[in-house]
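Chains: A, B, C and D, in written order; residue numbering restarts at 1 for each.
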Amino acid sequence: MSTSTPAADAAPAVVLSGITKRFPGVVANSDVHLTVRAGEVHALCGENGAGKSTLMKILYGMQQPDEGTIEVGGRPVRFRNPADAIKAGIGMVHQHFMLADNLTVQENVVLGAEALHGIGGRARKVIQGLAKSTGLTVDPGVLVERLGVADRQRVEILKVLYRGAKVIILDEPTAVLVPQEVDELFTTLRAMQEQGYTFLFISHKLDEVRAIADSVTVIRRGTTVGTADPKAVSSRQLAEMMVGSELPSPETRESTVTDRVVLRVEDLGLVAEEGTRPVLDGIDLVVRSGEVVGIAGVEGNGQTELVETIMGMRRAHHGRVLLGDRDLSRLGTLARREAGIGYVPEDRHRQGLLLTQPLWVNRILGHQTREPAAKGLWLDLAGAKRDTRRIVDEFDVRTPGIDVPAAALSGGNQQKLVVGRELSGDPVLLIASHPTRGVDVGAQALIWDEIKRARARGLAVLLISADLDELIGLSDTIKVMLRGRLVADADPASVTPEDLGSAMTGAGATSAAVAELEGE
Amino acid sequence: MSTSLMNPSEAPSTVPPPRKARRVPGWLVGVLGVAGAVVLLSTTSYLTDVPQLTSTGTIQTAVRLALPILLAALGGLWAERAGVVNIGLEGMMIMGTWGAAWAGYQWGPWAALLAAAAFGALGGLLHAIATVSFGVNHIVSGVAINLLGAGLTKYLSTLIFFPVSHNPRESPAVPKFDTYSAPGLSEWLGELEAQQRVGLSDVAGILRGLVTGVSPLTMLAIALVVGSYLVLWRTRFGLRLRSCGENPVAAESLGVHVYRHKYLAVIASGALAGIGGAALVLNPGQPGYLEGQTNGRGFIGLAAMIFGNWRPGGLLGGAALFGYADGLQLRSGGKTFLALVYGAVLLLAVIVVWQLVRRRWFAAAGGIVAAVALYAVYYSLDEVPSELTTYAPHLVTLIVLAVASQRLRAPAADGVVYRRG
Amino acid sequence: ACAKDNGGSNTGSTGNASGGCKLAPKPPAAAAASSSSSAGEKVDGSALKVGLAYDIGGRGDASFNDSAAAGLDKAKADFGVRELKELTAAPNEAEDAKQTRLRQLASEGFNPIIGVGFAYAESLKVVAPEFPNVKFAIVDGAVEGAANVTPLLFAEEQGSFLAGVIAAYQSKTCHVGFVGGVKIPLIQKFDAGFEQGAKAAAPDVKIEKKYLTPAGDFTGFQEPTKGQEAAKGQIEAGADVLYHAAGASGKGVFSAAKSANVKAIGVDSDQYHQATVAESKDVIVSSMLKRVDVAVYDFVKAVAKDDLANFPKVFDLKVDGVGYSTSGDKLDDDLKAVLDGYKAQIIAGKIEVKDKPSS
Amino acid sequence: MGILRGKLLPPALAILFSALLCGIALLVSGANPLKAFGVMVSQVGEGTTAVDIVNSTGTYYIAALAVAIGFQMNLFNIGVEGQYRVAAVVAAVVGGSIALPPGLHALAVIVVAALVGALWAAVPAVLKVTRGVNEVISTIMMNGLALGLAAYLIREDVFGELRGNNIRTPEIPESGWVPGIPFGSSGTVFGLVFLAALLGVAYWVMMNRTRFGFELKASGESATAAAAGGVSAKKMVLVAMLLSGGIAGLVSMPEILGRDHTYNLNFPAGIGFSGIAIALLGRNHPGGIAFGALLWAFLDKSGLALDNVGVPREIVTIMQGAIVLSVVVAYEVVRRFELAAEQRRVGRQLGAVAA
């Protein structure tokens, strides 16, 4: 590629004008204007549900705008489906990965673009060539299910490149990556930018936006608020543009940690279902009353398994789990809940809610043996409804009533309901997995507040989060998890996300704030 | 939900670096499996002195009985690889039998085949409309199609066959295909088989069964198995089709026309099930269409497909197993069945040794108990009551599934209703 | 590299111990056959409305339903029956459907009413007492304590005995086979008679037996494929004359016999003349006849004459309720004489044919 | 009103549509559809048809309930067919060979039937839980084995006895009979039809008012969410399957204890498969299932009258298939329509509409 710098006079790569998109009950986009210059990295920011993904899906032909026009390279276009967009040189890496687990990397990449180089050896060569020139190395023959998150992301980008896209949409690509992986990604992006690619980049992480973007457009409640030069604004200013008000912070002020041990995990081990591979190995952990213990780790290093083993959803291979003095190791999930554990699962749709059931039925889930949801073997419908109303009030769940199905609520409100439910019945321990993942700032602030309040009352909290700011802000102690082991302790008072990130990837401690644990 | 993988808790943990995929290629598994089965059978046949286990006739019977099941299973494969569960195979098969008879008695076996495919495809189309366009639960639609298929064919038979055959439940006789044998080879194998040499004669018997008296239908079915493999795994169309069964949202986002592929797959599925019906009608022993003729073979086909792990080679194995067990019990009954029990004991012994090597004491103990129990059965009985042997294929399927089913893996989006947008 | 197989090659049929069985001494020749059927008698049935409730299969099944239909047709032609009505059972139907069918006929004024098949026994037990003036009959069954139900029972074992004799005489390998559709007592009567007959004619004869499905699973009557495979198994085991009592599955038996060029014996009606098995007719040496048509005809006649008192208890060899066919001329005169000899002995009670097989 | 529309409109539309479809089929074949339908309706008043419909509704109802319990948690118990057969044989054998006072005797037979049904269902349940065997296949296979076992048990040298050309189990003495409600010449309604009704009520209470029902539903709706809520999917599979099998075991009890007093070769087959269709038709709701069972029974019994007007009775099967298919399509269409309406309503009430 010869011309690598964006020329101001060249036609913009993409111009969206007057885009409006309505869903039943929601206007996702309303008169959105966006201009992306060729060769730049253009960031798109906005709260949850602001309409970013919708806008991008429209640009990618997955959804049709109700109003508005799209221009690509100066020519007006109409995309009826993604194939049209692909033809026009637009590619998209989705917020939720769009990969078929049971197909190989190569199959995933060539799918839909078989006409280019077939599906056999030739395609393989092309993929390998692409991978080499961009640094996105991954074995084309391996099944996607065997890949980690970062590799999957590489596959996603390869998919787009393979189709010859010149304008690449990245919808929250960094959400699942640790800082080091983010850096790697950015390096790749810059190199590709040199080669003439244009990027549309969505992220909630404003530091990243400022680090990579050449310009940034902010969307609020479905409409564009304005475009800024990221080098010229602070993250705070950006955030306030997004929200239209001041930012909350996860910080906890004074420590409320007591001596009373609530949760004690001893030498916990878990073996993968299919074989003898250890997924958890020798986990020792203590959480005290009034303490928040945070677990940091790259996704897939055993955090999910740890939580599910403590909850009794998986059978530990060895080791013990004690709540107070009581040994829970042989109990089932329900008994553990009854013993006083509240559990905010990492995926509210899959694990937290019965989506088609009304809110009050969801209130019963996990409490089906206890007041106020049940009396003995019988359900107490009136009690459940009454308590649901309480949660709706106390946790500011925005809903027209408690009889609507859970699916009708937005993600943030669903999460508030789940947190409210898990904090009912006076638990002594709360296990919270990504409690504010994908939740907008308002809801996030409320959930943080509630966790802090409960902690002040003496609740012990085990917090798992990929959001390192949240983790550092909320925790009293941080443990780093790597390959099924707890490998380091970090002090939230002094540790930075970068330090934590390097410990999480196993690059070793780079700061005094992270102390490696003996044993490995 | 916004930042996670599609299925966080099912995401593989990358804890130790992903094991280097030491995958044994599918064809090798197949070859080893077949070889193992032959060894097991010839050993059993030798030790129990029951040559029928590997005789030419038994194998031929097995092939004939397996054929309709195999085709139904293939039909299931096509639909389920595209993510549509097809419990309506039975109904589509019934429609196929009717179509085959209707065209067959007028224009001969090839026309029968075509008509059967068309009638089956019609059932498939109905299933596709319901499940793909209307998003109806796949099982519901399948059950309805089974009812419809049965009702429709009965109704049509009274209208159309009755005036000709004077029997509302039967079509006029349908001409059959000629059968073919490999000259020379067949005789040579026959001589080998007759010599009753351990192992060699067994293999000869099995091979001879496969090359003697072969109907074009059998060749077609085998071609369809191979063809299905090639189409589904070696072409872009197949890749797209399978992607609809694994992750339709992703497929759609890459420009794959998911609805169209699902439609095509389910229609093909119906056509294959229909051909399965034709295989029944065109079987030399059959007069033509006969009410109740399919007798649950569509369901068995579905089972064979699941048994075969949603793979063409696997379902071939499943259908063969069922056909073999059924053939054996039909041809020789209780005594041979006992020989099979003996074979099962041998198989269990091998498994026990293997588990002992792997230090799986519990599994090994279970195996020993089962083996001893089976041996006791073998030892104490002269002949298994015929009431029980009739369903030997069902029992065998159940047992094999219990042993092997944990390795099975359905397409990820199988049975999931997909809606565009 | 494939060659077309020519039909009727000698697949299987190993160990041709040609020469056949060592036969038992032949029975003494019988006196001239006594044709008991009283012909020429004029009966008027113009007042009768006859109702027929078929079992699964109904008219056109080329089996006992059809046979009943033939009897009815003949009766109608001969006696000028005023009205006929025929209803048919559905597969797997509930008991009350049968009752409804019978009741429907009875309340519409049909009299007599004939239930074809033992499946009607339980329903008749209920319905018959409700209509004491209606004369019922049941094929293959009996209803205790119901005076207005006439059983039309057959001595299938006697006919099958003769089939066994035929098989033993025609076998070159001294090895014969029996394929039963469903292992129910009715079919076991065929089995028993066949076995006894074959053994009587040739004590050393080997007999293969197979029932396609056990009692309760009636698909065995509808599975020609299975019939064929079972027959092939028996042929390969050495049997060269096959007898079947397997309904529609019998077609598979014929087809197997045809392709291996061995002999077969049909059942119920004269299958040599049946259209659906026309392809294999040249291997059908005889059929065991179960004269449901005669029974139905005689029953209608008896009702018309109001003479049920002398009605035969069992349709056996004596009244020609069972027998064998000679269509196709595959039985030589010698054999016919032998058969007549055995028939006479059975009629005379010198041979008692069992109705339960030995195994 | 809205709820009623959502629940009642689809089946009404579907029945209308299916009737229309069959009407056309009849017209094409040269029959008069109005006459055919008329004869079916008037058949209800003939002889014992009305009572037969009620009896048959009871039987279908039990079968469909058995299926529905599995469906509640996405378990496909295709094996009701085999479960009720084995249960019937064993219960008939036991009933015929024990002596107990009236009432108790019948009760014992019923309990045995339920236990045996559950036991037969336990095999696929255990295989699924421990070995991951797909229950669709295993129950299909168990159906075959059930036929074999039943046939074996009624062998004369085992428990069976010969009655003419029929074989049956020893007759259950009168103390084990369950008296019905006689309607003179119109027939007798089986006493155990009330057992079916009772099961329906119990099913409703269980699903809506008890912890177990909640867990079952939760497990069916989302196994992952249920697991996080302390519901063990394996346990639920096991219990649901056993319960389903237990109820399936009762399917033939009204007939055996109310009329036949024995298991014989005329034992009806296929009720399990009808049960699947009816459960689907009734959307697993006890009321819906009752309606579905009634409709099924009506079509079955009144269909006998079609012979009188020379219309092939098979049209009834076509109608049943068409109803099942069109009812689900209708539900789906109405559901989509209502979902959109609901979203609009929630959106309006929250004033969440931007701009």
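Structural remarks
The definition used in the following text is that a contact is a pair of C-beta atoms (placed from the backbone, for glycine too) under 8 Å apart; a residue touches a chain by one contact, two chains touch by 3 or more.
As the structure is a prediction and not an experimental result, all values here were calculated from the model.
Ranked by how close its mean Cα position lies to the mean of all protein Cα atoms, the top chain is B. Centre-to-centre separation between chain A and chain C, using Cα means, comes to 76 Å. The centroid of the Cα atoms in chain B and the matching centroid in chain C are 37 Å apart. Note: centroid distance chain A to chain D, computed from Cα atoms, is 46 Å. Along chain D, residues 147-148, 151-152, 155, 224 each make contact with two or more other chains. Listed for chain B are residues 9, 168, 387, 390, each touching two or more other chains. Each of residues 347, 350-351 in chain A touches at least two other chains.
Those chain pairs judged to touch are A-B, A-D, B-C, B-D, C-D. On chain D, the positions that touch chain B within their shared complex are 25, 29, 76, 78, 127, 131-134, 136-138, 140-142, 144-145, 147-149, 151-152, 155, 224, 273, 276-277, 280, 312, 314-322, 324-325, 328-329, 332-333, 336. The part of chain A that touches chain B in the complex is made up of residues 48, 60, 62-63, 81-83, 86, 92, 94-103, 107-108, 110-115, 118-119, 142-143, 145-149, 152, 159, 172, 175-176, 272, 277-279, 298-302, 304-305, 308, 346-351, 411, 434, 437-438, 466, 483-484.
Of all the residues in chain C, the ones that touch chain B in their complex are 1-5, 11-12, 57-62, 91, 183, 210-215, 217, 219, 222-230, 232-234, 236-237, 248, 251-253, 255-256, 259, 275-279. Chain D contributes residues 208-215, 217-218, 221-222, 224-232, 340-350, 352-355 to its touches with chain A in the complex.
Those residues of chain B whose C-beta lies close enough to touch chain D in the complex are 9, 87, 126, 130, 134-137, 139-141, 143-152, 154-155, 158-159, 168, 296, 299-300, 302-303, 306-307, 385, 387-388, 390-391, 393-395, 397-398, 401-403, 405-406, 408.
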